Every structure is written in C-alpha cells, then in structure tokens.
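A quick write-up on the structure given underneath.
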Amino acid sequence: MTKGRVEAFSDGVIAILITIMVLELKVPHEPTLESLRPLLPIFLGYLLSFLYLGIYWNNHHHLFQAAKHANGAVMWANLHLLFWLSLVPFATTWVGENPAASAPTAIYGVLLLGTAIAYMIMQATLVRAQGNDQTLQRALGSDFKGKLSPLLYVLGIGSSFVAPWLGQLFYVSVALIWLVPDRRIERELIHRKSDLS
Amino acid sequence: MTKGRVEAFSDGVIAILITIMVLELKVPHEPTLESLRPLLPIFLGYLLSFLYLGIYWNNHHHLFQAAKHANGAVMWANLHLLFWLSLVPFATTWVGENPAASAPTAIYGVLLLGTAIAYMIMQATLVRAQGNDQTLQRALGSDFKGKLSPLLYVLGIGSSFVAPWLGQLFYVSVALIWLVPDRRIERELIHRKSDLS
Amino acid sequence: MTKGRVEAFSDGVIAILITIMVLELKVPHEPTLESLRPLLPIFLGYLLSFLYLGIYWNNHHHLFQAAKHANGAVMWANLHLLFWLSLVPFATTWVGENPAASAPTAIYGVLLLGTAIAYMIMQATLVRAQGNDQTLQRALGSDFKGKLSPLLYVLGIGSSFVAPWLGQLFYVSVALIWLVPDRRIERELIHRKSDLS
Amino acid sequence: MTKGRVEAFSDGVIAILITIMVLELKVPHEPTLESLRPLLPIFLGYLLSFLYLGIYWNNHHHLFQAAKHANGAVMWANLHLLFWLSLVPFATTWVGENPAASAPTAIYGVLLLGTAIAYMIMQATLVRAQGNDQTLQRALGSDFKGKLSPLLYVLGIGSSFVAPWLGQLFYVSVALIWLVPDRRIERELIHRKSDLS
C-alpha cells in the first residue's frame, strides 16, 4: 500500500516537472519560421531533461516493480530524490538561455549528480526495506550504469569550466547510456517466474 | 502492473497539458465584454487543442483497455508520444496569437503530424508486446482513421503557406473525424465476451 | 476500468485547476501586512472557486461511486464538464481584479451555468450507461439542487448588470446550498446494503 | 473507495504545490555562479516548504493507512486542509523575497498554524468516521507532536515581529521535530498483526 502511494506520488511530480519545463518555450514575437531559431538551445535543453526525467521514471518503475515492501524511510528517500528532480527545470532553463556559459552547464551537472546520488540512496533504502527477500537485490546485479553515471557527471562538471559543450556532451552521453532501459530487473523477474513453474 | 503505471502517468501528463494551455487565456485589462473579443482566436485554439488532447486520451484509454501486457519498449514509445503532445500548448498559443500567419499554423500541423506518428509507433509497440494474444490486433482492424489523419495533416501543413485558414480547416476536420470515439475496440471486446459465453 | 480512469483523470484536472488559481495570488511588492489588503478580492474569488471545484469533485465522486459502468459517451461528457471547469480560473482572476465591474461577474456566472449544464449532461449520460441497473437513477432522486442551481446562476448573471455584488451574492448562495454534501447517494447505497442483508 | 480517491486527490494537489513553488526560483540574468547568491533565501524557503509538504504527505499517508473508512465529512475536512496547504507557496515566495521583514514571516507562520489546525480537524473527522473500530484512535496515541506544533507556530508568529530570523527558527524547528516520521502508526499496525497471528 505504501509502495503504491509512493509510485503514484512520484508519477505525479515527474509528470508535472516534465510539463512545467515546456512552459519555458516562450512563443516568439514574430510569426515566422526564422524566429524559432533562437529557441533551439532551449528546445534541446528541454529534450535532454525530458529524456532524463523519462529515464528516472522508467528506472523508478522497474525498481518498485521488483520491490514488495516500502516503509517510512523509503518515503523520505524518495522525497529526497524528487527534491533534486524538481530543480532540474530551473537548470534546464538557465543552460538553455546560456548554452555557451560555464556556470549554468556546471550547475546542470551538479543537479544531475545530486539526483543520481539521491537515487542510489533511495535504491539502497528500498533494498533494506525488503528484509530477507533478495529478489530486488539480485535484480539490481552489479549496477554498473548506476556507478558509472556519477563519475561521468563529475567529469562533465569539471569540463564545463574548460568548454561548456564538452560538459554538455558528457550529460548527453549518460542519457544515451541509460536510454537502453533497465532490462536487468525485467529479466530477473521473468527468470524467477520460470523457476517457479 | 507496467500497464497501469503507463496509463496513470499518461493521464497525469495529459491532464496537466490541458490545464496549462488555459493559462494562456490572459485576463483582459478592461473589465468589459468587448475586451474579450481579441481573446477569441486564442480561445478557439484552446478549444481545438483541448479536443485533440481529449481524443488522444480517449483513444489511449481504449487502446490500453484492449491490451493485457506492457513492457519497457511500450514505456518509451509512450514517453515519445507524450513528448510530442507536450509541445502542443506552445503551438496552440503561437497560432492563437497569430491566426492569420502561415508559420504558426504550419508548425501546429507539424506537431499534430509528429504526435500522430508517435501514436502509431506506440500502438505498434503495444501490439508487439501482446505476443501471441491477438485481441488488440484484431480490435484495431484496418485503422482507417489512423492512416487518413497523417495525410490530412500534411495537406494542412502545405495549405498553411497558401492560406492559414485552409490549413486550420484541415486540422479541425481531423478532430471532427476522431470525435466519433474509437468504438472498434469497445465492439471487439463486447464481441469477445459474447464468444466466451 | 473505464470508470476508474475517468475518475483518476478528473481528479488530476481538478487538482491542477485548484492549484493553478492560487498562482494568481501575486506576492505584494511591499513586505507589510497592509500591502495584503488589495489582494483581498482576489483571495475571496479564489476561496469561492475553490469551494466550487471542491463541490464538483465531491459530487463527481459520489456520482461515480453509485455507478457501475462507464463508456465512451461518458468519457466525452466528462471531458465536456472538465472543459467548462478549466475556464473557471480565468473568470476567477478577472472578477478578483475587477470585483465592482459587471462584465467579469456576469462571465463568471456564465461559466458556472455552463459547468452546471455540462454536469447535468454527464449525469444523464452516466445514468444511461447503467442500462437496466437503477441504483444510480434512484440515488439521484428528484435532484432538486441540480435543478435550482442553473436558475440561480441565470438570476446572478442578470443581477450582475444591475449590481455586481448582487450577482456575486447569488453565486455564493449556490455554493452554500451545495456545501451540504450530496448525501442522497450515500444514503441510497447504505439502504441498498441493508436490503441485501 | 472514498478513501482511495481522497488519497489520490491529495497526492495530486500536494505534488502540484511542490512543483509550483520551484517556479519561483527564477533563472538569474547573468550566467555566473555569483548571480545565484541572491536566490539563496528563496531556495531555502523552497527547501523548508518542500519539507513541510513532504511531512504532510507522509503523515497523511500514515493516517489513511490506519483508517478503513472515509465519508463525505472526511472529504470536506481534507479539502479544508488542502486549501491551507495551497496557500503555502504564496507565503514561501513572499518570505523568500523578504527574509528580513516581519510581515511575510508572520504570515508564513499563520498559514502553518492554519494548516496544522486543519489537519487536526481532518484527523478527528477521520477517527469519527471509523465508528467502533479503534485501530486508528489507538495508533494516534497522545499525538504529542500534533499538540506541540501549533504552540510553536504561535511563538514563531509572535517572534517574527521581534526578529524575523527567530520566527523562522521556530518554523525550522517544528519541521525537524516532524522529520522523524510518524512511526506510531506503523508500530501499531505491526503490533496488531502480531496479535492476530
């Protein structure tokens, strides 16, 4: 029951964050196709952040699908994750308006890093909440992507002060790595079922 | 379970998009009935986009009602659909502020076309996710409306550069075609039930 | 299943409308208590519209609780209701900014009237969707409040052109009439249960 | 059934309130790290209000988890709570923009006080709705925190007129007291289960 409400609440927050970002795509004053061009960096920023929110929503779903229990600690660890996610639209707009500046790109990376760490904490809290049931733990496996991402974010943040586009390239790369959905858990669940039959 | 969360998330995003659009109906400075007149094109644009979002919500529901399974691929195909839908408010405002200009009307059509294609991809992904179960496939039948709409959008986009009102007429026509809800699936489900009894 | 999704979608839209209205309570420039005074009419408008949205949410819930089936026609009748509700924040802001003007007060009433009519249509559509099951029909009874409200809205709209405060008084009165929740349906459901036992 | 819809609706409103507040974090004009500094008080205000909304969501969930029934009175008591919560973003922005002024800090406390009282009313209404079932009543125990908080809010409101930072300190303290989640109910439910086995 707690599990269901955590999922529903997270769905709600992520759905709102996704649609709030699009409000920053301000309609141009001139009704011409050329006037759309200055919107391009803001649009690309929206696209990248949409991907990130989609990835988190996807992984969040797979994670909770493999979990049987949730408790108060999971609720707070999840709120902590949502807090970091809620700051993404801010950084998205800032970097979209200043794609060639270092500070916004670095801050965007700091938020991605904070979100990634919050996700790891939440995942660990959820695993602990399962008690002796090891399905989730086993499904997560080595969590290679989860460990690689923070490293790439740190490299991206550092690169931002050398060349913003390099930092942005790091963030795009991590998104692409994750776009392949987290099939580990799906596989494990199917595996479990065939064990039972 | 995945199916339920995809439905809930889509409901959330579509509900937010619908209400975000209404924020563009800015209160007039003068408290007179005449001062509402300049809002008319924006209101009509809101009405049309509300209809489109309602149509997509309706068809989305009927589609998933006939489906038994969803997987990671469906989740991403659905996010892709939501991405296109999320851009509709932007184009709605732009066309509402410039109803007599070509570019906004054309862009509105491009977004409708992108949304329609994303829906077709999602539908195909969902059919594939059903494996050997053919209920959904059969329920969809020839999908005549689904194939006609993109053609009409393309004609609408082209017409926008001749006369914006002609392009808008195409978009209104497609909405009217779809307003008749997608009864195919309801019929098929009832049919199935009577087969079983 | 259709019923559940109509309820969830309506909850989403109403929840967003309620919170969107509060965005019109713009923070005053001066950090003093006196600077809150000009916000009073906007606050009162928010309070009244919050009540109306709460009433609709409440009655919507009770209505669907007594229903067993929903279909495509109910989905569209419900979207039609949500369309009218979605315009309430617009009129709320307008009347809040111009509490002594006729046009905004009249338009507010027109929207309340439209919403009430849309609710009646939706209710009738839902009753029809129940087929031979008369629980919902019986639970609704004479629907006295539902028939009185449109009349009072019309009187309110007319009065707005004589004295806006008189029109507003009508709208407040209807809200107070409805604040007593729609116990008819609760009563009928309890009645039914005791019949069965 | 009523219970489930009250929970879903509350989740929706709280999720939207949380994300609406973040819209007040306006992107700075300069793309430099120093330009983020003036945002700090607004950010801290957001953080505090996020915590409060998280606490209410958490306690709301635990409360309803222990409840078996809800009725029309609970629905209205809950809407009353949501009304007070919906005003929190307004006060958050005001205090964030004027952290050294008395009035915004006092108003923030008034809203926290109103919310706390609304929660107490809702809790009592929910307990009454359980009839003879005493699980919820017993789970709530002495409700020490619930009784302490309003007192601290009153002290905070008073202190605001002496020194705003002192009032703010009171509000932060209450949040910290509540951050320890309401384990009473979880404990009681576990207790009950072991009684049954």
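A few remarks follow.
We just call them A, B, C and D in the order they show up, numbering each chain from 1.
Note that a residue touches a chain if its C-beta (ideal position, glycine included) is under 8 Å from a C-beta of that chain, and two chains touch if they have at least 3 such contacts.
Source: prediction; values computed, not measured.
Looking at chain A and chain B, no chain is in contact with each of them.
Both chain B and chain C derive from one sequence, and where they touch, under half of the residue numbers involved are common to the two copies. The centroid of the Cα atoms in chain C and the matching centroid in chain D are 26 Å apart. As a whole-number value, the distance joining the C-alpha centres of chain A and chain C reads 37 Å. Looking at chain C, one finds that residues 8, 12, 16 touch two or more other chains. By the touch criterion stated above, chain C contacts chain D in their complex at residues 7-8, 11-12, 14-16, 18-19, 22-23, 25, 27-28, 31-33, 35-36, 47, 50, 54, 57-58, 61-62, 65, 179, 181-183, 186.
Contact residues on chain A toward chain D in their complex (touch as defined above): 1-2, 5, 8-9, 12-13, 16-17, 20, 71-73, 75-76, 79, 82-83, 86-87, 89-90, 93-94, 97-98, 101-104, 106-107.
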